[in-house]
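Each of the next two complexes has chain A plus one more chain, namely chain B in the first and chain C in the second.
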Partner chain A sequence: MIGSQPRPESSQGGVVQAVIQNIINGTMMGCIYALITLGLSLIFGVMNIVNFAHGDFVMISMYFTFWASSLWAIETVATPLITFPFLFLFGILTYYLIIHKTLREKYVIQIAITVGLMTFLRAVAQLLWKASPRAISYSIVQGTFVIGNYTIMMSRFTSAVVSVAVIYLFSLFLNHTWQGRAIRAASDDLDAASLMGISYKWTYALAFGLGTAITAIAGGMLMTFQQVDPTMGLRFGLLSFCILALAGLGTTLGIIISGVIVGIAESLAMGMWDPRASSLVVYMIFILVLWLKPRGLFGRK
Partner chain B sequence: MQNLQTMKQKRSIPYTAIVLFIIALVLPILFRRSQYNLILLTTVVMYGVLATSWNIIGGMAGQFDLAAGAYLGLGAFTSGTLLIRWDITPWLGMPAGGLIAIGFAVLIGYPLFRFRVREVWYALSSAALVSVLRVAFLMWEEVGGPTERYIPYHDWSFYHLRFSSYIPFYYIMLILLVIALFINHWLSRRKLGYYLLALGDNEDAAEILGVNAQACKLKALMIYAFIGGMVGGLYACLYGFIHPKFFSNTMSLEVAILGIVGGMGITYGPLLAAAILVSMREFLRASLGGQMQSLYLGIYSFVLIIIVLFKPQGLGALLRDIYSRLNYIFRKESPKP
Partner chain C sequence: MKKLGFTVFLLVLSMVFVTYVFSAGQAEAKREIPDKLVIGSLEPLTGAHAVFGSEAKLGTEIAVRHINEAGGIKSLGGVKLEVAAEDCGENADTAKLGAESLISKHKPIAIVGLYISRLTVAASEVTEREKVILMVDALVDSVTEMGRRYLFRPGPKASQHGKSAVEFVLGASKKSGTNIQRVAILNEDSAFGRSNAMGATESAITNGLTIVYQREYPYDISDVSSIINDIAAAKPDFVVHCPYFMDAILFANTFKESGKIPKFISGMGACGYTDPESINALGTTAEYYSNTFSYNPAKDTAQNRKFVEDFRKETGHIPTEAGGMDYYITWTLKEALELSGRLFPDDPLNPDNIRKAFLQLDLQSGPAVDTFPTNRITFTETGDNPHARAVILQVINGEPKVVWPFDTAETTAVFPRPDTTY
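After this line comes the complex of A and B, so read on.
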């Protein structure tokens, strides 16, 4: 995944340069991971539902991006304009059809239903797009630029900037609009929020729809430099849960910082140790955080 | 409450169980012409064993464990490596795999329960564990590595547990199934079983009443890991190779789903779910797989969602309802609520 940086010589300066290069790459990846996690945090934080299918929504939106850019020749960076409303509707539909009925059930039933949804999405993706990986052929953000000794991929840089901008817009939405405040109120105290005239059904549906729709942006951005295959969903799902565990609930800045931490750890493990070790490091962080800081580093609750 | 009702009805089960056991004994003789059907049967029974043992930690103790693949893989690698390297029989390798799985379960479970990692976070950390082990074994070239390691071929060797037919594997798996069911049944009448059910219902309340949650959950996890490790040892011999992909997230998820669909805390539920769902999946795969890739997976998960949506208590509870309804029709007894 992260691979195209030039390999420096194995001198002392070369090692430092490689570390810094990996940190730069990891930071950019981490911003996108943070964007994915934001959607998950919205769903998990508001209605306390563990959405195992979140990673597969990312996968589906990457495929939609692939379709939009290869069938209709729409520029990849612009595809979220189409896929965002589509996934928003998809999320709301999912909420009303499936999730809403399980709100009062035990958490195991909720996990079972989202795991079923995950498998279903994976099957649909395999049915529509076959099992072989897909990638887009062209995007305006391809190419690299060089700052000092460090090479930065244009696509990743754009993605990171867009991700941070979207996260910022979302925190504005959550803090300064009626709907956003309703979502936060419902996540804090559902009964009190209902008494204040907030329809919890619509608020939940909105939160689920938005949480799903965010993956459209993340998917569109990921697609500019990555390929997609039907089985990649669970990896993103676990990754975003790892970031969420690290960040704790209810902080937007915490999600960005944790995303960057995980991104850097993954990138360093991949570049300096062994390409296979990336998930190892991420999951070790995850398990250690759960043991030592169950509320996350920046948790509010 | 449901669980208490199950216990009261236990008396009616043994007769049915004996009949089913005899049917299970005869089945491979009926299907002996086709090796495909035999491995299908063995797979169904294997999922039955895994889901039944999952019932102890998941259904009874209420810990949503997603690490079935981890214990299975550990068992497979222990037994397989012992056989490949030192020619030690899997009959010793299987319990050894079980013991290593127990050791690992304690290593992981102790801090998890000590630091009160619960519910969702327990589920996720156990899912992460499977991935950690898979990558670790991929990188550990001496034992694992990216290439398959084949178990030496023997035409018919009881010592090496290699047969040119799947029938013996089926019977060994059946023995494991009986052991798993027996442990389940036995536990549900012991103090530990009641403690676990209480923990599954409401952990805080159970702890206030004096249940040592940490110790009970750890015991349940150890039993579950041991059975998982044993199955893993057999799994390696059944498929004839070991590979880090045995540490499979998909399989772990499926075992847990079977446990839920079967009915949490109902002894025969997971087996019922495995018998219905796994054979349905394989049937769909065989009949549709050629025409449309993964259509079977779509139908399978669709059925799964429908069952969980409309009968969250599980297939076991559904069977019980039907049973009491039939009782009412034929004997005019009042249906049990």
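After this line comes the complex of A and C, so read on.
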């Protein structure tokens, strides 16, 4: 009996409306997922390191957002102004203290290090904030607006717009600044980039710092409508791996499209089929892409 | 040669005789009571469930302190209790390891725990094998349906929570003259959520309600807008929801932000909405949410007031479900040990004798009952208490208040929600 009830909308129009509403919801969530994936893509693309702690960077960012918002009464959407530089420094430090030493090691060592970092961050979060969930009870972006028959939640909409804007700005940074070009050059051919005078050490540190700092924006946006607890990083980590596999490396537009595909798949599965099926659908897409196009749908390398 | 054989025969015979006399003498001697009895507290102290486990452990610790202050186990010569705590972690393996570690290191007379039902099931394999009494604070119905002999659960099971959530809404709607006919039932997809939902479903059908929406979802869900939209489209008069703590915050925030709020949202299973941590995280959004509770923090008895005061001193808030349950569970264990001491003075700590004492226990007064939601504790062969019932807490002006059963309510329930939109 449980979970087997028919959908409330019995008419065809009702079903179409529900599908469109789910696509809208999924698109908005997908943009936020894309922003989270951007950080992972940067680190993986440049350093060839699979950062298993990436989702936990998002979790830590959400806690910092909670702190900034509740201790200093800063509006949630403005917290990245504080958390972004902090997470950037945290990323740089993590790179020099931990990641740099593993660059020449085998994959298994790198995986062990980032999994260890993931466990460490989780333990730190539990120590500092306990296992209790933390949430922000008010944000100026909470509310709804209606377009036709469709309700759009302001928090998700704002988060999606900010996410796309940040990805676009980041794309400009990569294409039109010296540091951005250095990151791309190091990603394409480290030896050639080094011969051109690019310090690989600093470029890697910068990429890791930026990859980490981007989670500050994602964390800030997520906290406008979500709660945070020490174990939630894993979910975001896995989702971003999935989106990265779908997008491939070296494409910001691909990341947005892939994020939206995953968001819509998740939302449609949840709304039109069964909420328990959302992960199934997302990881089915992940497996299919790995099988049919191992380099991703939009990857350039 | 014959002589040697006879000598060996005599030697073996004398050894058998000595062994027999020695063991018979031991069996007949009264078993000595140790200087102190160890109660194991096996709770999730790390990981996602640590929020429940640490407060459950505190409930046991306060109970043991109060028992010792009151003179220990009197029928056992006033022997004092001592708590040995162990972390049961987040999965079945760590739960089993925790139980094994606790038993091998401290030889507890009983273990109280493990709040999470799947961990309880795993650890009960160990306690059953080692013949250690397991006093459970987990709610899933099937925990007591596995034929465990040394497992007892004084508190209400999950399906009773689900049933109570529906009955409360029906009672409150009758009192306020609100027409209630359509219900949406929602639960996270573990055995815990399903047990609660089964109780709610059964009660809804029994009471002639129409179930217009029913869904299970994974508790680590990241966006619930689709579910809220579907619920609104089904137009239920009220929603009965069994969340798993973190997801309750997401649901409450999304209900509020979407502006699609039914006449009432009744939680079941005691996780989320009305516990201090959820109220803290939700702020004013928590207002008017209710949830079922296996413990009544407002029960007007001296023992309960003392417990609430001591718990508040340590945590800054009233006892949570886990803390309250472990308090009366530990007192119930104490009463069983007292009875075992009276019934079996020669071997009161034998687990089979303690089990017999549990089955003969009929508590209608005393500290355990003074902190229990109803006024009677007995046990069936399966280890359940047939008199257990949940109470309902509702957040009113930022405080969780007992609003049901109506005859022992702390205050009147706010029903329907003043902010309902359909």
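Note that the second predicted complex is superposed on the first by the 292 of 301 C-alpha atoms of A that agree within 3 Å, B and C clash if a C-alpha of one lies under 4 Å from a C-alpha of the other, contacts with A are read in each partner's own complex, and residues count from 1 in each chain.
To be clear about the criterion, contacts are C-beta pairs under 8 Å (C-beta built on N, C-alpha and C of every residue); 3 or more make two chains touch, one makes a residue touch a chain.
A quick note: this is a predicted structure, and the numbers were derived from the prediction, not measured.
*Asks:* Using the overlay on chain A, decide if chain B and chain C clash or can fit next to each other.
*Replies:* Clash - chain B and chain C, as placed by superposing on chain A, overlap.
*Asks:* Go through the superposed model and pick first if A:171 touches only chain B, second if only chain C, both, or neither.
*Replies:* neither
*Asks:* Touching A:238 in the superposition: chain B (first), chain C (second), both, neither?
*Replies:* It touches chain B, and chain C stays clear.
*Asks:* Between chain B (first) and chain C (second), which, if any, makes contact with A:117: first, second, both or neither?
*Replies:* A:117 contacts chain B only, not chain C.
*Asks:* Contact-wise, after the overlay, does A:126 reach chain B, chain C, both or neither (first, second, both, neither)?
*Replies:* both
*Asks:* Per the contact definition in the header, classify A:27: touching chain B only (first), chain C only (second), both, or neither.
*Replies:* In the superposed model, A:27 contacts neither chain B nor chain C.
*Asks:* After superposition on the shared chain, which partner residues are touched by A:279: those of chain B (first), chain C (second), both, or neither?
*Replies:* both
*Asks:* Have a look at where A:109 lands relative to chain B and chain C in the superposition and call it first, second, both or neither.
*Replies:* The first partner, chain B, only.
*Asks:* Contact-wise, after the overlay, does A:270 reach chain B, chain C, both or neither (first, second, both, neither)?
*Replies:* The answer is second: A:270 touches chain C but not chain B.
*Asks:* Would you mind checking which of 23-31, 77-85 or 95-103 on chain C runs into chain B after superposing?
*Replies:* 95-103
*Asks:* I'd like to check the shared interface: which positions of chain A are touched by both chain B and chain C across the two complexes?
*Replies:* 126, 130-131, 230, 274, 276, 279
*Asks:* For a test of understanding, state which residues of chain C touch chain A in their complex under the given definition.
*Replies:* Residues 46-51, 54, 185, 187, 189, 194, 197-198, 201, 211-218, 220-223, 225-227, 229-230, 233-235, 245-246, 249-250, 253-254, 256-260, 277-278, 280-285.
*Asks:* What does chain A use to touch chain B in their complex?
*Replies:* Residues 50, 98, 101-102, 105-109, 111-113, 115-120, 122-124, 126-127, 130-131, 230, 234, 238, 241-242, 245, 274, 276-277, 279-280, 283-284, 286-287, 290-292, 294 of chain A touch chain B in their complex.
*Asks:* Which bits of chain A are touching chain C when the two form their complex?
*Replies:* 1-5, 7-9, 14, 18, 21-22, 25, 29, 126, 130-135, 137-138, 142-144, 151, 153-156, 225-227, 229-232, 235-236, 266-267, 270-271, 274-276, 278-279
*Asks:* How about chain B: which of its residues touch chain A in the complex?
*Replies:* Residues of chain B touching chain A: 58, 62, 64, 111-112, 115-117, 119-121, 123-125, 127-129, 131-132, 135-136, 138-139, 249-250, 253, 256-257, 260-261, 264, 292-298, 300-302, 304-305, 308-309, 312.
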